[in-house]
Structure formats: structure tokens, C-alpha cells
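Below, subunit A partners subunit B and then partners subunit C, in two separate complexes.
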Partner chain A sequence: MPEVTSIKKSTEFDLSKEEYSYWGVVWNRFRRHRMAVFGLVILTIIVLFSIITPLISHYEFDTMSLEDRFSPPSSQFLLGTDELGRDVLVRLAYGGRVSLFVAIVASISSLIIGAIIGGISGFFGGWLDNFLMRLVDVLLSIPTFPLLMILAMYFGGSLWNIILIFAILGWMGESRLIRGYFLSIKETEFVEAAFAIGASSRRIIFRHIMPNTLAVLLVSVTLSVGGVILFEAALSYLGLGIQPPTPSWGNMLQRSMEYILGAPTKGGGPPWWLTFYPGLMIFLTALSVNFLGDGLRDALDPRMKM
Partner chain B sequence: MPEYDYLVDVRNLKTFFYTEDGVVPAVDRVSLRIKSGETLGVVGESGCGKSVTSLSIMRLIQEPPGKILEGEIFFKGENLLLKPEEEMRKIRGGDIAMIFQEPMTSLNPVYTVGDQVSEAIILHQGLSKKDAIDKVVQMFKLVGISDAERRVNSYPHQLSGGMRQRVMIAMALSCSPDLLIADEPTTALDVTIQAQILELMKELKGRLGMAIILVTHNLGVVAEMAQNIMVMYAGKVVEYASARDIFKTPQHPYSYGLLYSVPRLDRGKSKEPLLTIEGIVPNPYNMPPGCRFHPRCKFRMDICDKEEPPLTAIENSERSVACWLFIRRGKQDFLSEGVI
Partner chain C sequence: MRDYVIRRLIQLVPLIIIVSVLIYGIIDLAPGDPLEQLLLDPDFTMEDLARLEQIYGVGGPFPERWAKWFWRLIRYQDLGVARFHPYPVWDLIVERVPITLRLSILAMSVSLLVAVPLGIFSAKRQYSSWDNFFTGLAFMGRSMPTFWFGIMLILIFGIYLGGTPLELPMGNLTSIIFTEGVPWITLQLDAAKHLILPVLVLGLAGMTGWTRYVRSTLLEVLRMDYIRTARAKGLSERVVIWKHAIRNVLIPLITLVALALPGLFAGAIITETIFAIPGMGRLIFSAVISKDFSLAVGALTFLCFLTIASNLLADILYAVVDPRVRYR
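For the complex of A and B:
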């Protein structure tokens, strides 16, 4: 019977086409988003640069060479040197490690806090929800930047303090977002079905609802990385961020400001490279992270056609 | 021998919802009994309390706004309403399983179907992940999913509606429950698939011997499957009878209306117009006094809007009906009266 064979063939064809997992589909959609791919590439380059450069360079981030201070970019110092004759390239890479580390760890921590509080709020509802969301309202009503400055001044600008401060002040928006998702996912039939097979509340929160918010969480973390990098730069610029000699892009930028109007550079003129390169790194990172976030949001949006 | 007569014995169940707009008596003094291996069809229009009844048995009513106010739900002789939540969790999915209406949304989109079905098995039978997946493959074969070994790795969006409902059935049956609650299991499927799923449920019931509560508004479905039928209207049981009796001699005007509003091939004069039940389901916040069906009833009498008719047993049978007409006149024969 020829019909039977043809039916069988078409099923086979469908099966091979269906082999994509959820993440396979997401990746396919993401690939088509040019700006996002561009962002991912730039970000990867920045990360690799930050990791690899200090490993292969002759200089440490604090190797001083006073006779070479304020050297413009040359074959010896590819991106020039600063006021103490330290190699800008290596410091930029170290600063990248610090800035990216702070941004990623702080974003993930505030996301975890936000997800837990938002999840509890949305899942259990009632007075608990009311209490937590009013707390969020209160915290959001406090002007963030002055508070950030006060905390940074009070606790001092060590790496972990800065991360802690960002984590504590950054979770409110995310908790609201996650709460909203919990509220709607809680009503879906698959959650009801999970209750009906005897799953506990904890299991339903972490195994059934949380993974469904993963897409939003991922987008949110990506976008907040850009925000934290900019915030950290601003704090450092005010002298309250990561403290020297540990370099961060922010404090490198801040140091350079003292010399922007004039310094005994080798070739004369202002040492533009001290300002330009950290600024460029901050700009590129924030930009590519935002592109990446946009692309992820589109790729992960379940309402978009596959 | 078990020390109970009925597997499920619900007595005077009362589940109300307290919302901002008022109180909804979603289930009002409903009683039902099912013996092991029997099928009970629960029939009625949308919002009549069918689903709330079945969710109450599972103790899955969301509280607030819902609350089980009164009544007893005996399952295997034990009152489920007195059980702590932890024991209920063992019963859900283990002894009592449920199939939902929407196979499209009843599966979690981020897990493979194998993962999801194995979850119930791991939770209740303590098998390892690998053994559980083997069991899932067996279950998939049992419910007629072809290529089961590969299908366990599929995501829900890769399966058709009928396939997904088979997955749901496999999930529900994976721990060999004594009672299966099927809440409109075929409503969201197209007709040919409906027939397949019903056939499958019938066959599996014969093989596994569980009792079924089949919630539906489709009379054809219950006629195929159920021994007994409970007709609900606005949160109340209006008639309770064996499937044969109810199709032959419906006693409540509402049951009669339901039956004859559906076209049937086996009915003599095919030119006969279909019956419609005039009016709409009452506003749940403001139920009519007396018999809740009286505003739509063609046989309305003076007493109907004043006093509520009690559920009265019909002599020499397991039937009962809640209607003043029956209390006044005795057994009805709507058919030969030809009331359209």
C-alpha cells in the first residue's frame, strides 16, 4: 500500500525536524538577532581580553616605572602608561576582571534575593505578599544613589562591600517582576496538575514555576550587569568605589581626570589614553550587554513564532 | 476484603467561594458514592460545580477564596477532610489521580514529557530516575504512544493535543490509582481524537480496574462510559440515577432538557426540533430562592420559588431526584407527554 509508506515517511521527517529542544529553538532565534550576536561577540572579546592579557603580559597591574610615566601608546606600552608609569593595557584587563566580577556577582545576588522574595510574595499571596511588596515600595522610594554613596562611605569600598551594597539595593525591581510571573504561572493548569500528583509547595515553586521564569531572569540579569557597571563607574568616579591600587574601570577613569587638563606627557598634550580606554571599555560593555539582553528577550519570548 | 462499602463516599459536601463580590455556593450539599471499579458521570452546564466537586475531593480548592464548609469525603473509609496536608500529598497522584481538560496547558513547557511523568513515579514509588523513565516508557506504550522510547525525550510543544492527553493519562495512571478523576478529558480535543481517548480510557479501566469520576458536559461521553450519572445544576445535585434510567426516563426537567437538547441519530422523528432550555444559568452571587432551576423550568409551580425541593429517593431504586413535580405527581414521563 503506497499510502502507508508515504505516511510513515512524513512522520519520520517531522521527527527529525522536532529534535530541537527548547534551548535549541531559543538559540536559533537568537542567532537571527544581529545586534545581540554583535553584543555577545564584543562581550566575549572583553571577557577573554580581561582574563588572558595579565597572563601573557610582562607587566603586573602595579609594576611601576617612573621614568616611563605618561608614555603615550607605543610598541612598548600598547595603550600607554599612567601617572606612575603602570601599563594601561594590563590595568585595563585587571580592571575588567574587577568590574565584570563585581557586576556579575552583584547582579546574580540581587536577582537571587529578588527571585526568592518575589516568588514567595506571588506564590503565597495574602498578608505576606502585601508586607513584602510594601517593603519594596518603601525601598524604591529612597533615592538610590545618595544611599549608595553613604553605604559605600560608611563600609568602605572593598570589593565585597561594593558587591553587597549593590545586591542589597538592586533586588526590588526584580522581585516585582518575578512576583508578577508567579502570579500568572501559579494559575496555569500544569501547576494545578503538579499539585494533583502530590508535589509539595516547595517543589512547585522551585521545580515547576521558577524554571518558567528563567527566561525573564536571564534577561533581567543581563540588563542589570550593564547598570551595575555604570553605577560602579559613577561610584568610583566619586572616589567611593573600588579603592586603588586595585584597578577598576571606574577608578581608572577617575584618576585620569586629574591629569586631563595637563600633565608632563612624553609627547606633550593631555594624556588622553588614560581617559579614553577605560571609558571605551565601560561604554562597549554596557552597550553590548544591553544588546545581548534585548536579543535574549526576543529569543526567549514564548509568544514569538519559532 | 476492604472494610468499606464505597471507595468514595461524599456526604453533604459544601464548598463556597468568598470573593469581593459576594459568596458563591459552588457546591451545595452534594453527596455521591462510587464503588471500586465503577464510573460515575457528573454532568451539567459550565459553572454548575462539577469541577469544584472533583477538586474538593482532591482537596485542591484554593483557600482563600474557596472553603470546604461542611461535609465528609470518605475515601477507602477514611475522611479526607481530616487528613493533614502531608498525607493528602501522598494520596494525590498515588491513590487518586486527575486528568485535566486542557492537555495543551497541563504540561510544563520547560520539561520533557518523560521528566514530568517520571516525577509522579519518583514522588510516590521512590524509584530511581532511570527506573522511573523505564516505567514511563511502559506507561507510554500502555496508553498507545508510538515510539515511546523517543517520545519520553520530547517537549510538550512537540506533541499534538491527543498525544498530550495520552501523556496526561499515562501520568495519572502511572501510580495505579484507585480513583481517577477525569475533568472534561476530551473537551479540548477534536472529535476523532475524543473517540480514541475515550476508547483508551474504557480499555484501561477494564484492565486496571480503577473507579472513575468523569466530569463532562457531553452526554454522549457519559453514555459510553458511566454506570451512574449525577446531574448538577447551580451547585446542587438535581438527579442521580443509573445511566440507563436517566437516558430512558429522566425525572428532573433539567435532565430532560439536557438530554433532548442534543441531536441523536437513534431518535425516531428526525425532523423534531431540538429542545432548548430557555434562559441562562443563574447568577452565582444571587441564586434564585427555592428550586434554583425554577426561573427556567417549564413545569414551574407555586411552591418552586418558595421552598427548596429535597433530594428524594425513588422507591425500589438507587435513583433520586430533587423536584417538586416529582414529589407531587410521582414518576414523570416527559417523553410521552411530548413536551418540547
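For the complex of A and C:
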């Protein structure tokens, strides 16, 4: 809310002004959350970097130059080169496209699954609710990461397979969350009123309840992007995620492990740039997404707890 | 209390059966059967295939296979034979669990030793620059890819500090150069040195998560009326926090710690791979990589039972330590 410096005449309040609208208030609150703004800025930079760098660089992600293998960062290769003489900077940008795409699409997909199942469960209740929630209990008692590994191993690490696997295994927590919101909103008076004037279930769900869960969904999807980025990187690091030659931050790290103990680098020493930069990108992306999610949560609803 | 435990145990039976059907089913239905690859060998006959199917328990329709597998598991502690390590899966798991368990318990202890004091410190100075600093650190810990953290530690302590007194071993549980007649204390020190980096990596998540948890719970508790009463009686801040408030923080923390064990075992997959430690994590990893059916099913079943058991343990512990909880 803007600071009130002097008492205004009632005619001076224009409620249609942007700063009084819901999103205007949210934006005002968000803006004052220093870490969230920091996260938004870093994330924007990473996204722009991933999109723009390949467009303006001399190198493709698979341009090899064997005489330049293991070059340390220099003016020719800003972040050095890998074991095949490929430019690390460009590969980082391509890897960023892949990792961000996977994380965003997978998070949204699992959110949709979670919203549908949680919504059905919370709205209709009864045996269906019981059945779905017991299913969630069972699925939650299978440890996620080993299951991810097994599915990725058997179905192969193509881009869409990885997205599918994350979507299938990611919805359980969100469905519980949405169910809780449905249960409580269903009891409110405006929903009761909608029932009373004979609104259809569909109308109540999509017009009355869903919009009220939007804030939770937005925060939930943001935080889950951070989680998927870390998990996808861990899978790729184990050699089970996105497969080379498609670069992802995780598989770049995995390759670098083989050379950390010794490689014919120009100038000697371990090729630290191969390990340091992909990890830094993963770290910064997850960090900024987490800051962003935290800020959004505070801005959308200060009382909301997750 | 005893009735409650018994009822919970009975409720577990269907859960265990459903979970094991699911695990067995997921891995069973996955495409790619290594036994079929053997048929490419012209010397390999259908009789050989049938015999191997018998040994690994993979022939027949799904319900029959699952039932046989489950019966052998509960009756004879038999999970079948691992294909690429020629050992019974049960023995492999029994051999590897203590290594990972020790690592996990050490990681937990270190996390708690860091988290409780830091959380209290932060809560007592809410919004001070120290508190903000630790909040930042906690966010960084939550966003840290553990494998990268591990590799960077190896790079720093194993390579760049190599040859200095700060050098730490890069992997494995002990050095291999030892022969007979080395004093006991040297062996222990060597083993301890090998554990420092893996424990740090494995404990990172707990350290940051639990610090935040202790901080926010303590802040909530400090707003309660009985704390105001304690302060009004003129008790010192130290007594208020360490005698009155801390109990209400630690009770839910105990639950959290009990629930963390399965997560640590899953986390050990990464940690043990980085540091080449022959524990449960590496066993799971090798089972998945080599598509070893019996081993993958066995290891995953173990993890699920661990999850279910720690859920139960958490509930029971909660009832034991918190006298306000009444179970009918």
C-alpha cells in the first residue's frame, strides 16, 4: 500500500487506480521484498543469457576444436573449453534452455495433475476422496529419487521422457495442498450461496473455488521449479537424465568429473571451470527461484503457510 | 499407548502389501529384460532360459511371480540373487546398510549440532543482520546441488590443498596403503578423516532445513502466553529459552529427525557415488545402472520399508515425548 502522506478528500481516492487493484497491491508488497526482487533479476538474467548467447556466439554447442581442448577461460573462450574443445559458455546457455524448459514444463504438468486430483478429492469427498488420498499416501511412501532413477533408466533420458517422469512423480504433495484449500473454500458462505442459486458443480469449481487457489498454485509451481532443476541435475549427474550430446547442466557436470583428477589442460592444474560453472548455474537458478517463490508467497498472502 | 502401537502395526499390513506390489510392478513392467539378451548367444537354449527364470524368479504371470517373491521374502528373508554380483540380494543389503546407517547418523548428529544452536541464535535476534545472514545461508543451502558441493569440496580439500595438513581424502572409507602393525589409533583417525567430507555433504540439507525450522518454531513459541508469564516472573532470558521454550521446539523436531532417515538414505545415492563409498546408496545406483531386477526391487523395497518404519517411529516418538498427545 502507498504511504498516506496527507489526508485526502474522498474524491481523490481512485479505486480503479492500479496500486489499489489486487495485483497492484501484490506487486507493491513483492517490490519491497529485497531478496525476491534479487531473485527475479538473477532469474531474468539467466533466462536472457540462455536465449541470447547462442544467437550471438561464434560457436555452436557442438563446435569442436581439438587443438583447444581444456583451454582455461580466456578472451577467446570466455569460460574455457571442455574435453572436445567445445565452448563452455555456449554449452551453458544451451544447457540452461534445456534445464529451464524441463523444470518449467514438468512443474506445470505436475501442478495440473495435482490440481485435478486434489480438486476432485476435496470437492466431491466421500469414498473417492478416501481412495485418492490413500493412493497419495502409498505413493509418498516410495522414495522419490530412486524411483526417478529407475524410471529414467528404463524409459531413457530423452527430453520428453524426463518431463513425463517428473510430472508423474511430482503431483502428490500439491494434490494434498489443493484438496485442503478446496475443503475450506467449499465451506465458505459465497460457495454456499452459489449452491443455493443452483450453480452447477462445474461453475462452482472453475468460477468460485479455482480462482481462490490461484495464489497457492503460483507459489507452489515456483518452488517446485527449483526442486525439479536440482533433481534433474542430480539425475543427469548420475548419467540418467538428459543424454549427451544435448547439453544439460547436470550432464556437463557429470562429464567434468572424469577429468577433475587430471587432464592435459593448457597451463596445468585440474580443469576447474568444467565443474565450477555448470554447478554455479544450477545453484544460482535454484536460489533465485527459491527467493522468488518466498517473495511471491509473502506478497500474495502474508498469512499463507506452506 | 500399547493399543495405539498395535493398531498402527496392523494398519501397516495392507500398506506394505500395496507398496510392494507397486514396486515389483513398476520394475517388472519396465521394458528391457536382461535375460532375453542372453538368447542372442547361439549356445544359450530355451532350457537354460527356463532354468535362469527359475533361479531369478521371473517366469510366469505377474500375480504368481509377485506372490512367490513376497512369500520368499517374509518366510526365508530371500530376495533372490543379484545378477551381476553373484550374491543373494538380502546379504548384499545386510552388508551395505551399516555403512550408510553410520554415515546417516553422523550426518544427522552434525546437522542437529549446527541447527539447534544456530536456530536459537537467529530467533533470539530476529531480523538482526546475523539473522539475515543465516537466512541467506539457509536459502543457499536449500538451493545447493549436493553433488556440486561435494565435487567442489574434493577440488578444494583433495586437490588444491593436497600436500598441506588440511588435505582430506577424496573417497572410499579407508586408505588402502595400510599393512599389518599399524597402531589402532592411526586407523581410526584415517577412517574419521575419510568421513568428514561425506558427512558434510550428506548433512547439508538437514543443517539448513532444521536451522530454519528451529528458528521459526521458537519464534512462534516465544509469542505464547506461558513465555510471557515466565518473563513476568523475572526469570532470566537463558532460563526462559532453555527451560521453558526449548521443549516445545524440540518435540516436533524429534519427529522431523525420525522422518529424515529415508531421505538420508536416498541422499546417500549421490554422496556415496561422489566419494566412492560402498554403501546402500552405491548399491542402489549400481542396481539401476545395470538393470539388475532382483537387486533393484530388493533395494527399493528396503527403502520403502524404511520410510514406513520411520513414519511409524515418528508418530510413536511424538506420543512418547509429548504428554499432551492422547491416542485412543
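We take it that the second predicted complex is superposed on the first by the 283 of 306 C-alpha atoms of A that agree within 3 Å, B and C clash if a C-alpha of one lies under 4 Å from a C-alpha of the other, contacts with A are read in each partner's own complex, and residues count from 1 in each chain.
Definition applied: contacts are C-beta pairs under 8 Å (C-beta built on N, C-alpha and C of every residue); 3 or more make two chains touch, one makes a residue touch a chain.
Owing to the predicted nature of the structure, the values given are computational and were not obtained by experimental measurement.
Student: Sharing subunit A, do subunit B and subunit C clash or fit in the superposition?
Tutor: fit
Student: I'd like to know which partner A:Pro244 touches here: subunit B for first, subunit C for second, both or neither.
Tutor: So A:Pro244 meets neither subunit B nor subunit C here.
Student: Check the residue A:Pro211 against both partner chains and state whether it touches subunit B (first), subunit C (second), both, or neither.
Tutor: first
Student: Going by the contact rule set out at the top, does A:Glu189 touch subunit B (first), subunit C (second), both, or neither?
Tutor: In the superposed model, A:Glu189 contacts subunit B only, not subunit C.
Student: I'd like to know which partner A:Ser200 touches here: subunit B for first, subunit C for second, both or neither.
Tutor: Only subunit B; A:Ser200 stays clear of subunit C.
Student: Quick test of understanding: once the structures are aligned on A, what is the angle at the Cα centre of subunit A formed with subunit B and subunit C, as a multiple of 10 degrees?
Tutor: The vertex angle at subunit A equals 100 degrees.
Student: Between subunit B and subunit C, which one contacts more residues of subunit A in the superposed model?
Tutor: C
Student: With both complexes overlaid on chain A, does A:Met149 touch subunit B (first), subunit C (second), both or neither?
Tutor: After superposition on chain A, A:Met149 lies in contact with subunit C alone.
Student: Check whether A:Ile282 is in contact with subunit B, with subunit C, with both or with neither, and answer first, second, both or neither.
Tutor: So A:Ile282 only meets subunit C here.
Student: What is the contact status of A:Ile260 with respect to subunit B (first) and subunit C (second): first, second, both, or neither?
Tutor: second
Student: Least CA distance subunit B-subunit C after superposition, rounded to whole Å?
Tutor: 17
Student: If you look only at subunit C, which of its residues touch subunit A in the complex?
Tutor: Of all residues in subunit C, those touching subunit A are 15, 18-19, 22-23, 26-27, 30-32, 136, 139-140, 142-148, 151-152, 154-155, 159, 262-263, 265-267, 269-270, 273, 284-285, 288-289, 291, 296, 299-300, 303-304, 307-308, 311.
Student: Once bound in the complex, which stretches of subunit A touch subunit B?
Tutor: 15, 18, 21-22, 126, 188-190, 192-200, 207-208, 211-212, 214, 302
Student: Per the contact definition, I'd like the list of subunit A residues that touch subunit C in the complex.
Tutor: 35, 137-139, 141-147, 149-151, 153-155, 226, 230, 233-234, 237-240, 253, 256-257, 260-261, 270, 272, 275-276, 278-279, 282-283, 286-287, 289-291, 294
Student: Subunit A touches which residues of subunit B in the complex?
Tutor: Residue positions touching the partner: 58, 60, 64, 88-94, 97-98, 100-102, 105-111, 119-120, 123-124, 147, 150, 154-155, 158, 168, 171.
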